[in-house]
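Shared between the two complexes below is subunit A, which pairs with subunit B and subunit C, respectively.
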Partner chain A sequence: MKTNDVILQTGTKVVFFIIFLFSIHIFFAGHFAPGGGFVGGLLTTAAIVLLLLAFDLKTVQKALPFNFMIVVAIGLLLALGTAAGSIIFNVPFFTHAFGDFYLPLFGESALHTAMIFDAGVYLVVVGSTITMIQTIGGDS
Partner chain B sequence: MMTFIWVSLLIVILSMLGVLYRIFRGPSTPDRLIALDVIGVMFISATALVSILFHTAFFFEVILLLAVLSFIGTVSFSKFIEKGEIIERDRNR
Partner chain C sequence: MINLLLLPIILPFFFAIILLFFKEKIQIQRALTLIGLVISFIASVVLMSVVKDNGVQSLTLGSWPAPFGITMVSDMVSVLLVTTSIVITFFIVMYSFISIGKERERFYYYPSVLFLLTGVNGAFTTGDIFNMFVFFEVLLMASYVLIVLGGEKKQLRESIKYILVNVISSALFVATIALLYSVIGTVNMADISVKITEIGQPGIITVIAVLFLLVFGIKGALFPLYFWLPGSYAAPPMPVLALFGALLTKVGIYAITRTYTLFFIHDLSVTHELLYVLSILTILAGCIGALAYFDLKHIMIYNIVIAVGVILFGVALMNESGMTGAMFYLIHDMIIKGALFLLIGIIIAITGTSNLRQMGGLMKTHAPLGWMYLIAAFGLAGIPPLSGFTGKLLIVKGAFEAGHVWGSIIILASSLIVLLSVIRIFIYAFWGEPVELKTTNRRAYRKMIIPATVLVVLSIVYGVGSEWFVPYMSDASKVLLNPSLYIDAVLKE
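And now, the complex of A and B:
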């Protein structure tokens, strides 16, 4: 029987971007508010799972043409690179640096290298959970 | 004002207990599913009331997160009831 779930698909096209923007917000707010890389990654995974529920596996793989195991590798490389980059400046492993910079669009903003480590955590969480879900759910 | 918040928290918890009865004694699976969805909404309101009681704004992310997770859980469970599989390999074969 061929079902027509047009309400779910149209709702997903709106709700996906709201959940994705909320996950980006929770990722960037992690330094001064609850949240961070882990919760942001899980929420991005929830948005992609909503796409997988409304559409099928092949459509989502065509819309997001990443190999998510390579995303895990890039995340681990970011985290390890941030940790190892402090050795070059003759300070102990995992020492973070921060400072105030003037950005063209945002104005005066404080940048911290812990955010790059958090981006690594984010990519590892997204990649590993999406790989798990695609591997388990993709069996017919 | 604080007694008002405490009384509404008590009412929310009592209605949560009333919905728990539907989860335990629901005759069919969709009854239990809708009861679980209502439990999610009540957790959201209880979290909002507790954040008023604690004088903190740090629980607002928890509220949005609960809403998102409750919605996705309900959608996946209803798709399982309808089709028997949650993620299809190819929808239009």
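And now, the complex of A and C:
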């Protein structure tokens, strides 16, 4: 019997975006400050778990219509692809490339392929934790 | 192509990821698994020829200098094991098409098998002790999935035991690496070997050696630590059991062999004497188990334990004959265990029971199966032209050279008991009065016997053509007995 969780739901709608943005911040900060793909992924999961607590499983699945096993697979492919790109250039596996680039909006930025690897980690963490929670929480 | 030695690890991993996209499409999964294994096999054979021609191959990931990055090392030992693992997985996957069942195939069976192979190949190839731990976890996670997949009551019960034992041994593994790191200050295996030589193996290193024996002894089913194995291995369906029996304990054996030939070589009278005694006890315990049961699976599972003892006995001798024999026997045992598990799987599928007392007379209805089983059984026991002979001969020769007369007598006596235990299966299942069989699907039977037959033929080739394999095996034992070859290849001094 769910009666009146207006405050919880309204609060969640605001707080979700704050947590999500913070997780993205943590993800991008990983190279020079504490953070990275793993905690970033866990924080995103935490945001989604908050949604799950405030609403029910079906609503959240409608809002985020991904198959999270596929998210895991894409994350693994990203990570493996970044590491295996070195095979094409005939340098040892996992050799990263980096450099300074001028981007239109951000100006002078240092880009590093380690970030793509981290994005893979991020997707694997989000995908696997959400799969666990959905599987334990769901009836099917 | 300097990344060649990583391909047998990356390719199964890549195909396992791709399979995650095709959960419901069983045909695509089967086809992709086979394609992936064939490509990995080709890569590993190319790698083997490179290692044969140019010696030990090493690569430090990320272009870092040697002791600072993760080094992957492919010497003859590891490349032989990697190739054999891929071949056996290929045939077990073929066998799974018929015997594993649609329900399991739909729930990530093939990706789990490929992840298991990734972990096994990685553990064989790595040159970094912590990376070895990570690959152990990769293969263990996949094996947890495989052991529980299907969710039968027995599987659930035994998987809890299996996971509990392995979690404890993994924690011990981490603690041991931490201890080693605090003493030595490095996790690169070649570098560890150099540093231990510098300080001349004081008592604390010997303690760490014993701790490693404890950790890998649990993984590889050494005498007092094999208690979990019979129950856990009897629970999962036959192809999974064949995969575990052929690959998993061998990773533990490999790890003991590697650490006891590369790290702990300065105080043989303690560490290797202990290994020697434990391997003899392992053989005895396995023999008792193999004779005690009337259950096909349990007889075979205790034969795994015996083989672990025999191989580690060869390793403990630390002389050339013993080491070459151990390598011969290790590869032989992987092939023949794969073949035997597949064959008894067929017997169980035909008779519908694994109890020896409830079967008989299969020779009248399934003669080819009987002959294949007989050849594999003789091969396991080591009857001369077949594959078990050369390895055991060399191990016994090494034992006489090292003056361990009683050890070699026990090895020879254990062969008789192995023969007795497997021939008992033959006598009960294939001779005597035929029992009432439930009607089986002949086509499924024919499809299942093909991979098993090919594995038996492979083991015959391996036995008859031992002469071709001698150079490979002596290369392998040369690297194991001269750590400097390994160290020079990694540190490039």
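FYI, the second predicted complex is superposed on the first by the 136 of 140 C-alpha atoms of A that agree within 3 Å, B and C clash if a C-alpha of one lies under 4 Å from a C-alpha of the other, contacts with A are read in each partner's own complex, and residues count from 1 in each chain.
Please note the rule applied: a residue touches a chain if its C-beta (ideal position, glycine included) is under 8 Å from a C-beta of that chain, and two chains touch if they have at least 3 such contacts.
Model, not experiment: these values are computed from the prediction.
Partners subunit B and subunit C, once the complexes are superposed on subunit A, both fit on it without clashing.
By the touch criterion stated above, A:80 is placed in contact with subunit C alone, subunit B being left untouched.
In the superposition on chain A, A:33 contacts subunit B only, with no contact to subunit C.
Once the two complexes are overlaid on the shared chain, A:19 sits against subunit B while remaining clear of subunit C. When the two complexes are overlaid on their common chain A, residue A:52 makes contact with subunit B while staying clear of subunit C. In the superposed model, A:137 makes contact with subunit B only, not with subunit C.
Once the two complexes are laid over each other on the shared chain, residue contacts for A:90 go to subunit C alone; subunit B is not touched. Rounded in steps of 10, the angle subunit B-subunit A-subunit C defined by Cα centres in the superposition reads 100°.
Set side by side, subunit B and subunit C differ in how many residues of subunit A they touch, and the one touching more is B.
Look at A:8: by the touch rule set out above, it reaches subunit B but stays clear of subunit C.
After overlaying the two complexes on the shared chain, residue contacts for A:43 are found with subunit B alone; subunit C is out of touch. Touch criterion met: A:70 reaches subunit C, while subunit B stays clear of it.
Of all C-alpha pairs linking subunit B and subunit C after the chain A fit, the shortest spans 23 Å.
For subunit A in complex with subunit C, the touching residues are 69-70, 72-73, 76-77, 80, 84, 86-87, 90-96. The touching residues of subunit B, counted against subunit A in their complex, run 58, 61-62, 64-65, 68-69, 71-72, 75-76, 79, 82-83, 85-91. Across the complex, subunit C meets subunit A through its residues 1-3, 6, 10, 13-14, 17-18, 20-21, 23, 59-63, 72. Residues 3, 8, 15, 19, 22, 26, 29, 33-35, 39, 43, 46, 49-50, 52-59, 133, 137-140 of subunit A are the ones that touch subunit B when the two sit in their complex.
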